[in-house]
């Protein structure tokens, strides 16, 4: 048992931190500071502990339903980091919107715990529960501006669709259980190696349903409809968390689920082809939807919702490459990490605009920013360049790896399409820069102003984006060494 | 007339699941929509138990316990959201929440 | 190694200049920019003197430098640079163009001058890096990096229609370059498949490309070609050009026409021709026809242009069509001739835009609808313009003549028909350039606002020096064009 | 007709018809009662499969707890009147929805039917379970050994749900007027 | 000596050019006499050098001076090398000699003009380029001179650039020359392709395959039609009279326009290889001679008459070359240089005296007012008519003779030339009578103020008059291979014929215009060639340019706009799906799911499970 505690230490610390945070907020009900500080401390300790243990060997515990490995540790550390950044960066926004409550931190911590366990789950049931642990706070946080009907709407849409998809996932799990007699990943894998027929319809349907559930979570078109609406309605820091933390956790899980059966086993060739075709078509649709619709958007949060849909498309390229023998999943991981650094900065920057009614940040708010706030313009530009995949930002290298691995596996036509989509969506990223630099401020444009911590978070993110854009060695070197599937 | 066999329950479970899904698509009353989700989860439970029976395993039963918990938690949160919405809009009709679009 | 330090030196000096520009007071920015870029020009000439002043290509080869630094070994990325007979001249040209561009007075020295100067130096850095790069990815990165200051330059100091034109410019170029990147990936994968190693260095890739089927290489080649055809640009890939040239601030136009277009030329010389010789040979007819079409098509557009800047923009496309004609004659001689003409075009178009700006500064417009008769008010300025016009129409004795003559001579061996078609551009060139000169300088001075014009002065001494330098290069190159052909 | 088949027929008919009633009744209260009916039918089906613990919990948790919650909220929000939301949707929309779901159910039924000839992977036959001390004991043993992590995780799920519900239901300070 | 010959004008150009540029910036003015003196001295020095060089020339050899290696590329190596032989020596003497006289003449002609410094710089530049043309030993070098003289011509035609018409005339000259130059360029490429060199010495000896030879010849001839104003590219020359009259004399009569003849003579061994090419040259030359002579009969402008006359005379020269009589052509170049320069300078003197009046119907009776001009003009008139013993007689007679008797010649060439000769006599006599005889038709005051030109202008007239009178006795100055004779018509027959036709033409003119009270004839553009050209080519160019503009606007830009619009449209179409209703989203997802599940399960069929 001691070993288990040792292995699970970061998670346990996080769990304990949740209780501590609850406790301090109960003790001092009128102030949200104690909860905030407690949450920060919890996240820092969790992050440090997971980083410290990062090189320990992977270990399956609880009858194989959980596996703690370098990947899960680094993901937990990443989630903690995202949590810290949004606690710091969202502070001012929450105050501004009059929703600064201790509950925010409780929910955030529980969400992170759920995500942290979800990426470690090796059992469909644990996965489902963890998914719900992550999702229930997410639904709530999306509706955190309780008096705003848009926020309500976002939460309810998220909840209804998420709930239905949760049931779909569960049905898929049941089918897989029915087909294989187990919900544990290793057993399912083992079963697939022994099944010479290359699966059966029950397994196929189950596998497909669980994949669809996570395709919904990562908003691969045509399962993306929830995303723009929820992004727009949710409070901006929550949108940021959805776009970074939940997206990363969901995509990593999706990769795991796609690799549930041993696709390279003999007899599974047809099945593997079917999976590839599915992923490929969804990648194409996601890229097209993401990049074609993004150029019509005027609201920044919606814009970045479509952006994340097309990012999903690029990620699916990496996923597709990983289905070929001998190809690792590192491009996907690196893409996710690179995306997170830019996205955190962007969403925190978005919180810096003063509220203007209930519409969030519109493109018009950016007009003439270079005159009003040149430094902020520079930050915006760098982050947007990274989103567009321009050189000398991390966004370039992430796309680079995904494209390279796809070309290497013979998916060149798909890469060409992806490249053209990148061009189209580059317009959407460039237009805000154009508005900031080339236009005079519109009379209706919002004021901009952020507190120290908010600006600090953005600067950190920009530094990360540029540093990793120039010197991606460390990140690439480390993430390349991580196997996703044991 | 054939004897009862467990797989027949699978068909029932799939049918109930689909009815739940249909309810979710057709109804605009959020309370009924939440009930439809409950239907779907119940159908899956039946599925798990049936497969357990067929496999001579108990894992399905255990899973059902957790799913029930999840269902309870989910309805609690769902109903909380509905109440929050009702406060703002005085309605539980999801047609009222189509502000976010395009 | 003493030799490799010269490369790092050439790359770092512009960055150094950029940093220094942030501590220079705003009022002194122009002076600093001119002085700094002149120093960089001098240093570049000094560092490359072994190549550019050598008597022959063989002698120059002793000074060629190859440098390769590890960058991201996991991906086989290295920072590969090579100083050779082509890149040496491109470096000199980029420094020279920067000097000319910095010389131009305008709103950029009043509104955020520091940003302007530092962007200029960054541009110089990116250009140098692109011209030197032998690693595919290093090249791509530098190639893209050139966009960034250009976009901001047009965006911040450009004319009214800047937004749409800069987007169009960016998107079309980006579309080309990203497809080039995909082609690079294809080549890297090919190399990886053949050797098991990742590498993006040209010398490695060349080894594995030679074993590939020519048929497989068509699409990768098309990717590269498209990027460069958009950059140069070659008709029909020129749709972005006019608006950007017209809307860009004059230094931006100078950079774009004089040196950014040469990125495409340099790319074709360094990458496309060595990598895809068989493919090029197979499609040579089409390539030559496109080049000849460029010459004539753009010349015809220039003939009907009614703005000085538009006319020069189209004339630029037309002349670059000749350059491409030389490249696609696919012989060492043709490439050298294209190189020569590139130098000529860079210097001439820089000079023309520079002087056109002087006209615009003095009279406020450069429309060509009626004769302005300004030559009598500004004799020195118009002498300069006339000399530039002569160079532009490739009068023998100018650098451009040697280039155009040799290009056509070599192209003739490849395709007589295309050469004759392109030759029509020679005639049309005279038509539109003389019209350009006539409408601006000749005719009765009473017709277009000369009263105000007469109040202003002729060229200043620094401007005269600038013009003299460029004209000197043009004439010297006319007498000794061999200096530019060290490939 | 033997008893299991009869029981199956009765319970499954109730379950399917009940669930149809849930989604077709105009009054949410009627839907809720139909749902209770479905829950009971499911409990019967569980019992038929020998899943006694699950059957018992089905009654307790679903019919007992969750339904009460639903009815409570319906009453709280004064929703015990017929709604016309079903008619609000267009004919085409409804037709497409029914067709799509029918197609899905056809596909899924096709998939589950392939399990008819499945070979069991486990050893816990009814006899074995009986020998282990019954359904409940066997489940409990597994629950607190192999599935302890699941169990602990659900506690955080419930914690999250509590915090969430409290947050959502909490009235805002004095400034907030109205409310339920 | 050869080097110094070309360097003197260059030095003159640089000094005058920079000086006038510098003074223009500072607002001061260069004294015309000083810059004129510099330029004239430069030319005189060049003339002396040319004489010395001539004296050093071995009887049938050449002197070569290598200056520097111009460029090398692959197998091509072009040296900058000056080569003096009998042919180029003759041309250098004409250029520098006539050039010196015209410079001298210009000093007083331009004394009133504020741009005199620039003018002399341009003149020197012209001479420098012209010397390059005739001394160049490689084709690119010749081309340098070829385009260089075109440049100088452009500058000098448009010298008074404030008049739009002058500028347009210059542009027209330059562009039409460019068309010819294109022929030159492509001819060079052909030459290089088949001989592997651009050296004249190599190309001269090259043996080209039949069709190639013909295309080479035709392309070279195209170049010549541009520079020497032959059909079809002759219309620029009359317009070129917009420049100062000494320029017309030097460039557009004596030297530049004859460079086409020089080129043909230079390349005569290659030219002779293509019989059909030769026929074209002869035909075009003869027809040009005839047509422009006709046009000249209808002109009122004294300079225009002389211009058309020049074109016509050049036609004679080309006809000579075309029949293989390159020597005769060159001979006529020389004599023509003397008398046409003389005629132009005389005309200049008349115009100068009448303060810019150029209409012959507003002259008359100037014989007494301008005696020197009158007498020298008479010499020129006699020479162009071909009256013995004036110089024109010898050369023209030689041409007519060769046209008839040589193997490449034919009766019709001879016939056309003969008619042209009649017309030449007619229009020259018409001009001569209208200007100097009869009663004055200009305002009284103008007539009264008219006075003889000062000595610097008179001196060149006299010298040229002497040359026109005696130049013919030198005989064929260069011994180029003679064409084989196909007929044996004796030379004296032709002589008599040619004198008879000249007298015939003159008589007709005399009968018509000797009355002295000639009524003004309207200037008629007989063949309307200029108008047709401007409609066909100018209009054609404009139409093509507009069509290109249309393609650019509609197709190229339209395509870009269309792609942008399509992208936007498809984005908006996809956006339509985002209806905002969770139920609808779910339905769309279910539909997608069904489609994908069906596909996904399809693969399972093969296992018999479905």
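Order as written gives the chain letters A, B, C, D and E; numbering starts at 1 within each chain.
Just so it is clear, a contact is a pair of C-beta atoms (placed from the backbone, for glycine too) under 8 Å apart; a residue touches a chain by one contact, two chains touch by 3 or more.
Worth saying up front: this structure is predicted, and the values here are computed from it rather than measured.
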(request) Mind listing the chains that sit against subunit A and also against subunit D? (result) B, E
(request) Trace the shortest sequence of touching chains from subunit B to subunit D and report its length in steps. (result) 1
(message) Taking each chain's centre as the mean of its C-alpha atoms, which one ends up farthest from the centre of subunit A?
(response) E
(request) State the chain with the largest centre-to-centre distance from subunit C, centres being mean CA positions. (result) D
(message) Which chain is most central here if centres come from C-alpha coordinates alone?
(response) C
(message) Distance between subunit D and subunit E based on Cα centroids, please, to the nearest Å.
(response) 101
(request) Using mean C-alpha positions as chain centres, tell me how far subunit B is from subunit C in Å, no decimals. (result) 66
(message) Using mean CA coordinates as chain centres, what's the gap between subunit C and subunit D in Å?
(response) 71
(request) Could you please state the distance in Å, as a whole number, between where the Cα atoms of subunit C are centred and where those of subunit E are centred? (result) 36
(request) Name the residues of subunit E that each touch 2 or more other chains. (result) 575, 578, 580, 582-584, 586-587, 590, 593, 597, 601, 609-610
(request) Could you tell me which residues belong to subunit A and also touch two or more other chains? (result) 125, 129, 132, 136, 139-140, 143, 146-147, 156-157, 160, 164, 171, 175, 178, 181-182, 200-201, 204-205, 228-229, 424
(message) Can you list every residue of subunit D that touches 2 or more other chains, as numbers and ranges?
(response) 89, 97, 101, 104, 107-108, 110-112, 114-115, 118, 120-122, 147, 150, 154, 157, 160-161, 164, 167-168
(message) I'd like to see which chains touch which, written out pair by pair.
(response) A-B, A-C, A-D, A-E, B-D, B-E, C-E, D-E
(request) Could you please specify the touching residues of subunit B with respect to subunit E in the complex? (result) 21, 24-28, 94-95, 97-102
(request) Name, in rising order, each residue of subunit A that touches subunit B in their complex. (result) 125, 128-129, 132, 136, 139-140, 143, 146-150, 152-157, 159-160, 163-164, 166-168, 170-171, 173-175, 177-178, 181-183, 228-230, 232-233, 302
(message) So in the complex, the part of subunit D that touches subunit B is made up of which residues?
(response) 1-2, 4-5, 7-8, 12, 15-16, 19-20, 22-23, 28, 31-32, 35, 38-39, 42, 45-46, 48-51, 53-54, 57-58, 61-62, 65-66, 69-70, 73-74, 76-77, 79, 83, 85-86, 88-89, 94, 97-98, 101-102, 104-105, 108-109, 112-113, 115-116, 118, 120-125, 128-129, 135, 138-139, 142-143, 147, 150-151, 154, 157-158, 160-162, 164-165, 167-169, 178-180
(request) Name, in rising order, each residue of subunit A that touches subunit E in their complex. (result) 156-157, 160-161, 164, 197-201, 204-205, 208, 212, 216, 222-223, 225-226, 228-229, 270-271, 273-274, 277-278, 281, 288-289, 292-296, 424
(message) For the complex, give me every residue of subunit B touching subunit A.
(response) 10, 17, 20-21, 24, 30, 33-34, 37, 40-41, 43-44, 47-48, 50-51, 54-55, 57, 59-60, 62-63, 66-67, 70, 73-74, 77-78, 80-82, 84-85, 87-89, 94, 97-102
